[in-house]
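For reference, chains read A, B, C and D in written order, and residue numbers begin at 1 within each chain.
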Amino acid sequence: MKLFSKVLIANRGEIAVRIIKACQEMRIKTVAVYSDVDSKAPHVQIADETVNLGDPTPSESYLNISKIIDAAESVGAEAIHPGYGFLAENPDFAQACEDSGIKFIGAKPEVIALMGDKIKAKKTMEKADVPVIPGYHGLRQDISTLVKEGKKIGFPLLVKATAGGGGKGMKIVHSEEYLEEAIESAKREAKSAFGNDSIFLEKYLDRPRHIEFQILADEHGNIVHLFERECSIQRRHQKIIEETPSPVMTPELRDRMGRAAVAAAKAVGYTNAGTIEFMVDGDLNFYFMEMNTRLQVEHPITEATTGIDIAKWQLRIAAGMELTLKQHELTQRGHAIECRIYAEDPSNGFLPSIGVLEKIEVPTGPNIRNDTGVETGMEITSYYDPLLSKLIVYGENRDDAIDKMIWALSRYVVLGVTTNIPFLRKVLEHKAFRKGDITTHFIENHFKNWTLSKDGLPVDALIALAVYDSMHPGREEVVRYKEADPHSPWRHAGRWRIGV
Amino acid sequence: MKLFSKVLIANRGEIAVRIIKACQEMRIKTVAVYSDVDSKAPHVQIADETVNLGDPTPSESYLNISKIIDAAESVGAEAIHPGYGFLAENPDFAQACEDSGIKFIGAKPEVIALMGDKIKAKKTMEKADVPVIPGYHGLRQDISTLVKEGKKIGFPLLVKATAGGGGKGMKIVHSEEYLEEAIESAKREAKSAFGNDSIFLEKYLDRPRHIEFQILADEHGNIVHLFERECSIQRRHQKIIEETPSPVMTPELRDRMGRAAVAAAKAVGYTNAGTIEFMVDGDLNFYFMEMNTRLQVEHPITEATTGIDIAKWQLRIAAGMELTLKQHELTQRGHAIECRIYAEDPSNGFLPSIGVLEKIEVPTGPNIRNDTGVETGMEITSYYDPLLSKLIVYGENRDDAIDKMIWALSRYVVLGVTTNIPFLRKVLEHKAFRKGDITTHFIENHFKNWTLSKDGLPVDALIALAVYDSMHPGREEVVRYKEADPHSPWRHAGRWRIGV
Amino acid sequence: MFINYEHNSHVYNIEVERKKNQYFVTYNNNIYTVEAHEIKPGYLKIRLGDRIIKCVISENGDNRFVFIDGDVFRVKRIQLTGMKKSSRKEGDLTSPISGRVVRVKTKKGDIVKKGDVLMVIESMKMEYLIRAPYDGRIKRINFRENDQIDMGEITVEIEKKRKKQ
Amino acid sequence: MFINYEHNSHVYNIEVERKKNQYFVTYNNNIYTVEAHEIKPGYLKIRLGDRIIKCVISENGDNRFVFIDGDVFRVKRIQLTGMKKSSRKEGDLTSPISGRVVRVKTKKGDIVKKGDVLMVIESMKMEYLIRAPYDGRIKRINFRENDQIDMGEITVEIEKKRKKQ
């Protein structure tokens, strides 16, 4: 069986970079696509070939199926890797690839469609004896039906986009009076993000944890799971810190959940890498929540603890190779944590922060992995998700991993936009986190109205600023660094001061 | 048992950086020492405190016992980590630490002294039933005795400094006529490098491999080994590529050698991290060669495959903590390779290359570790070893690891000094290396008189140069970047061209 | 040399004097005598007594980012002395984000109640609601649906309802 | 624009002309028409037909380092045209390394044989031997023990023994 000779990566940012590198190591030629604002982005710089998609609006670039298929055909790519987000879970895109004779690196279109419809997905799981959460997954989508069904399930209640993921089109309703407004808003967000305003309602669990299992399934019927990931630390229903193993996991529970995950994948004839997300309540009951039919943002922590390269297996599986990994040979060792570095302001409702990255310095060291899609000089715009990078650490045990992550976060320099790095560090330093006492409400419970500094600017910072400005008094002489080459596309170089 | 609160690192370069980070993660304050030429080196930048040692000559700085002890006392450091090289295997230094009430992070002075004397070390091992290589380890060190004993053992013959390591004071003699000259030269080198001109002679093995075992021993009698490292790829008797597992290893041989290594450590009451080096011949007979009573340059490949942080365990063991690692729980998983990046010219006898590092860009990605002690702008001088960094990769198996290393080496940019990076890549790409068919003669056999390009400058490079110089025609306008701050210690910033 | 920095709507007045690598920083009636070096552009190492302050600073016009002990502060160097500017306060209807106006739920002259949603702004696929900060009457609406809006631009202006006497 | 580069004692003569992002590079009677961009300082992306050349270049005076396809070439831009310089040849007694002279094993007037060790230079704890390249007589010794020596400096000068007629 032969690997592909050329793969197009239909994505941007850190995940495009990660996939391009995996391909290149396997001697597969890579094609990056990019919108106009991304022409100097790292994924474009490192790819072997590039195709411009034009207008940065997602629907005109990274979400534009025909442009991407055309790009793949024009360069002769045999396969497309969709990354996560954008078209990764769009069955029409997977179908369009198939129709064009291009291998889609992911699940089959009909499986994506089935699991993308959260309602049908739950029904399928119920049939396969995988436990699911009580809720309304009906087809009647008029507001009054939804309000009635919501009241029946009771509060707190989750309102969620059927086609959704990543917190978009998702609302929690704590009492009846806000129900209607939440349903309307969720429908609008769902429509805008996924082109489909269908939503569902679900019981909101007590002390819930979000624990998921990584699956690898080849096209010959072999399925293994790569153990769990604990993803309970979320803000606005978006994971920000993930770890494995879960502090709450027991060998017995791991075995049961792992088998449920494999059964879920088997029930739909799943192929390639996928993730079964479960909710686990305070009594360690677990419920199927959804299946993500793609590579997950947090896949690196599984790689760190199992030693398996999931992206490379995606490529091998898509090329028709057989999974040589056996469940009983897979081992979970040590502890890994991932922090998602966002350009956002945790003390202002986690609102995205845009601007030019004036200076970046990433922490380095043994067992520190930094998956990034940005570099100094790049501009963070409001077109795309504000994820800058993912910081992943591995330690012999959970305490070592937490210590390493705290060290790494406190040495991660990002200037020019506001990031959540100081906030993440405070979460890692929290006593309840250290104890593993976490639920999906952790941020809400412990970090409501958090701000970086209640006492204003520290004196050390003032001294440093004064010294800095006193060292560089010649404001008049300041010139913006400019290439001698007037045609140079290089921008945002920052400032350079010229002396004598 | 409590860890230290402050540790002084009596070293420089990548190993000082690696140890400082390990300490900081464990919340131990760190003290860097530095000679005048290293005042801006990365290990000085990241340490919590720093002490200047003055004159860059090693004997006046990193090899100066009293200056280092004084430094430790002046800042109140409770312990000293010596790294490797310099004072790491100097029993007088370990003793001086002990006498000053400072914990030396390493073996006991008497054990260092015993293993540092290669002759006594072999005799001790013979007594403990660990096999050793035939040779002359006598005390009579006059030239005529050595010549006579050398002739008795036969050729090829190894001449080696008793106190040595790292290829210094080591010669191979292929025939009688060069014997005397080699002995004299080895004695001079030994005298200069170690202050001791004692040498020994040894049979030079057929198709020899250099395979070593990592040991961790606490101060309560617990000893484990962390499996083997294959270090056969050497130039001028200096390792340049290491990997684990060894391609030649079998579970049965690993078990026997591991037990011999633990027995060797036990025989001398060894404590802390150490390495037993064996020679393995074409028939897989193994012989004790020497014990390195310190952290080894190539320790990261063991860390990658076992998940154990050796530097952290050194700190815990030195603080009196008990080893919680059990031999039967330790696992070796996947495959790791290290390449040593030297500022040297492989096409000119591996002679060191000095100069300013004009541009460095290190490859990054999953399971790529870059242990470095340099950065852009630093000057490489002839005062110290020309090791710039160590590139370590991990893969699911040997083929994956080789592919990843080739990818990483071909994207590792170092401009300003000549490095061995292109050479290392050619070694990795060699068919015999891929097959695991390696001995300590590999470089000599396959890369004699190697040069980067037999056909001169490639046309692509000429085109690139011409384009570059045509983009930047304004040589007259070129100004050297200079801080507005005339007192700024920053140097070697490279050039910046100023436009309109 | 007198310098003023603004951070979170608070203004800090500093005086700094320099003699070679020594700096005398006066703030809040304290004088800090420090020794400082710029190791690489923006990387400062400052010795204050037996303490070392390490930080990284970037500048963009008058804007500064300071990285210190793992925290980052966004500061503005300002020319005014001793004045305090107030930042977002009750009734501020500036957009918290740059994005696109997806819904305008009110029109000029409307009477609105505190908490009513006036405008919906979308950015990075999330919605942000602009709500009435108090009861009042809409004086002016600055954006229409599908307009692009920048962070800090005023969305809607409301005349506050007078309290009954 | 004519440019000459020297690499490993070979000189390359190039002509380059530019029109916006297009460059016409003439070498060895071939004209290469390329499109080029400098992505960041020193990082070039050059399109030659349907091939992309990526490289990184650093400069220090007339010296250039070029990183291309994982290989690095050290090149010098020179003013001379068409001349070839010869590099190290038999009889070259320059120091191959910067270091310290630890031993001088000969003196002026000595008759030496090919292969004799004349001088020992130490650098980074390794020894380098300077040997006589041919039979001859020592004309001059430029360094004494413990002197510092730079790479390329001439160590010893020898008068070659005339071949017997």
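Going forward, a contact is a pair of C-beta atoms (placed from the backbone, for glycine too) under 8 Å apart; a residue touches a chain by one contact, two chains touch by 3 or more.
Please read all numbers here as calculations on a predicted model, not as lab measurements.
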Which of B-D and A-D has more C-beta pairs touching across its chains: B-D
Centre-of-Cα separation between chain C and chain A, whole angstrom: 29
CA centroid of chain A to CA centroid of chain D, Å: 51
Centre distance in Å when chain A and chain B are each reduced to the mean of their C-alpha atoms: 39
For chain A, residues that touch 2 or more chains besides their own: 471-473, 483, 485, 488, 496
Junction residues of chain D, two or more chains touched: 38, 41
Pairwise touch network: line, ring, star, complete, or other: other
Pairwise chain contacts, counting only pairs that touch as defined: A-B, A-C, A-D, B-C, B-D
Of all residues in chain B, those that touch chain A in their complex: 18, 21-22, 24-27, 300, 303, 307-309, 311-312, 331, 333-334, 364-367, 369-371, 394-396, 400, 403-404, 407, 471-474, 477, 479, 481-486, 488, 496-500
Residue numbers on chain C that touch chain A, as the complex places them: 1, 3, 5, 7-8, 10, 12, 14, 16-18, 23, 25, 27, 32, 34, 36, 38, 41-42, 44, 46, 48, 53, 55-60, 64-75, 77, 96-99, 102-103, 120, 122-129, 151
Chain B to chain D touching residues, read off their complex: 167-168, 181, 185, 188-189, 192-193, 236, 348-349, 351-352, 354, 356, 358-359, 361, 382-386, 409-416, 418-419, 421-422, 425, 452-453, 456-473, 494-496
Touch list for chain B against partner chain C, complex: 40, 45, 48-49, 377, 483, 485, 487-490, 493
Touching residues (chain side chain C, partner chain B) in the complex: 20-21, 37-41, 43, 45, 52
